[in-house]
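Structures given as structure tokens follow.
Note that subunit A is present in both complexes that follow, paired respectively with subunit B and with subunit C.
Take a look at the complex of A and B:
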């Protein structure tokens, strides 16, 4: 008798898988071509954040919160780096993924929230150091943690987005 | 998708030796945040005496060009300085470039590509220097990327002569290609690796006199963070190299293989 070791089928994950960083002229040509293709898809209304204006919402959120005390209660400013990480995060979401609601926190982090009901919600905040702090409530289960962000959506967070937003 | 069987990686497998290897850049990319202060001036002072055969190339700042258009106002164009990222050094023969960044280390080897052991050992030596200075606590991502460029004739190249599964025009409408860009990402069942595989055509460059090239860009990377001693790192990269080789030799035709031998 023989046993075949099997693994669950892989779910299509991030729209943007980050490349290893190269230096040659040809590597720049490849980056440019990849970027063009992705931008084209994401600029449609059907797919992606650019078409759904989430990118502009993020920009407005950043502009509103980039000065200290933006909430009138002594909040930290949202740093340029934080905005850049959040913009990259939105760009890396798979095509057609549900877009998050956006916000800012008093510690200067930008937050993204996927909300389906009071018992199915995920909140992820990004720091200027590129750390993603997340907390989810899915029925009776809670999940939370921290993941570094390097341009791809961490698997743990992608799985939670699917679980929270599943119909 | 069907469940997939675990891939058995055999790092001892032998692959054909290519005297005309088409690698135009090989890259070791290790993403690991520095836990020690990592400032431009002190870093350069610390690195220069340790990098024999290399000279300072540039200080890497990141810029972003952006145009914003809002209803009722003029387009706003801005260049954002995203700050200092790290330093780059280049070997005296200009064939090797190494990056020491706040978020990790990259060693690139430009053509002509040496053998794997030379490339990997040189990369690991430089990685140890990065570790001594930056003292990273955890590795967040390993990447091994090979950008291959196969020269094509100027007039009407038949891609099927070069790769086994070339792009095909729609059935019943035999349109000629003006260009293509195929980007696939593969999982590696049973292992924390994934592979980005890009196939595209780089047009001829009249400035350099170089003809069009078929690009096969294979980037194997880890999908989760690791804490590793350097010998374990070497084993990971050997596994990633095996995956890269399987993809490359599984893609090119016999004819291409013969031309590269």
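Take a look at the complex of A and C:
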């Protein structure tokens, strides 16, 4: 399935998930129902398999990198907090968004990579403080920066995912 | 074994290898992610010069490094010195016991996003050689 085909669906799914800051009883009810619906969709055969696989990969990555020097070059261990932030990030990805490849960096950050080719790649790493550091190569242009992660995918990163993966 | 004091400066056209000791750093198409090129915990990135070494000698050093720390050697990432230099980085000879060809890539920016940007570009120019 191509990203271009699913993008409208992802926008819809995003709209369902923005209610996490809801405060009134009605909006909390809507938020709860929306999240239940989204959970059901993600656990369905069509949408769920890839998501489960990515969750499993993230757990495996965390387990492999939670001891110091996991890379043989003196790496920092990946902290539990980093794993939790990464899990939340993956959960917050809109339905139909391409799943990232997962990895870790020597400073103990977990990485998510959207990859089409070596010159068309987005790498985002998440820190134990919940900061998203990203860098992207898109043909001849490049972009990099830092965005805070508050439970929703920052627009700058969503746009880069779209640009990197667009056919 | 070469004398530490006589190791020549690193030339622009020298080949350098970064040993890859973690499977997740390699993509399915046998290209490399940016992850193994992030300089941490030191401000420098460790590499090994190919200078005067044949393939077997290079793998011997890599296997020795992996064995000492109990890791699996998956391969090496090859780049020319000029690739690092094109990002305003400097490669300096830094021989260590057991690896007289050891060198450090220095001059990295301190900000993480800038490091990632450089690492991504170096990775895109790397050649992965599987063990």
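Quick note on the criterion: the second predicted complex is superposed on the first by the 126 of 167 C-alpha atoms of A that agree within 3 Å, B and C clash if a C-alpha of one lies under 4 Å from a C-alpha of the other, contacts with A are read in each partner's own complex, and residues count from 1 in each chain.
Everything below uses one rule, namely that contacts are C-beta pairs under 8 Å (C-beta built on N, C-alpha and C of every residue); 3 or more make two chains touch, one makes a residue touch a chain.
Just so it is clear, the model here is predicted, and its values are computed rather than measured.
Asker: Quick one: is A:103 in contact with subunit B, with subunit C, with both, or with neither? Answer first, second, both or neither.
Answerer: second
Asker: So in the superposed three-chain picture, is A:84 touching just subunit B, just subunit C, both, or none of them (first/second/both/neither)?
Answerer: In the superposition, A:84 touches subunit B alone.
Asker: State whether A:33 touches subunit B only (first), subunit C only (second), both chains, or neither.
Answerer: Only subunit B; A:33 stays clear of subunit C.
Asker: Of the partners subunit B and subunit C, which touch A:71 in the superposed model: first, second, both, neither?
Answerer: Only subunit C is touched by A:71; subunit B is not.
Asker: Now for A:148: first (subunit B), second (subunit C), both, or neither, which partner does it touch?
Answerer: first
Asker: Classify the contacts of A:121 with the two partner chains as first (subunit B alone), second (subunit C alone), both, or neither.
Answerer: Second partner only.
Asker: After superposing on the shared chain, does subunit C or subunit B touch more subunit A residues?
Answerer: C
Asker: Which partner does A:59 contact after superposing on A: first (subunit B), second (subunit C), both, neither?
Answerer: After superposing on A, A:59 lies in contact with subunit B but is clear of subunit C.
Asker: For subunit A, what residues appear in both contact lists, the one with subunit B and the one with subunit C?
Answerer: In the superposed arrangement, which is not itself an observed complex, subunit A uses no residue for both subunit B and subunit C.
Asker: Which of the residues in subunit A end up touching subunit C in this complex?
Answerer: Touching subunit C from subunit A are residues 61, 64-65, 69-76, 101-107, 109, 111, 113, 115, 118-119, 121, 123, 125, 127, 133-137, 142, 144-146.
Asker: Using the touch definition up top, name the residues of subunit B that touch subunit A in the complex.
Answerer: Per the touch definition, subunit B meets subunit A at residues 1-6, 24-25, 27, 29, 31, 33, 64, 68, 80, 82-83, 88, 97, 99, 103, 106, 108, 110, 140-141, 143-145, 147, 149, 181, 183, 185, 187, 189-190, 194, 196, 198, 200, 202, 213, 215, 217, 219, 221, 223-225.
Asker: Which residues of subunit A touch subunit B in their complex?
Answerer: Touch list, subunit A to subunit B: 4-10, 17, 19-24, 26-27, 29-30, 33-34, 37, 59, 80-81, 84, 130, 148, 150, 155.
Asker: Which subunit C residues qualify as touching subunit A in the complex?
Answerer: 19, 21-22, 24-25, 27, 31, 33-36, 38-42, 46, 65-66, 69, 71, 112-114, 116-117, 119-121, 123-124
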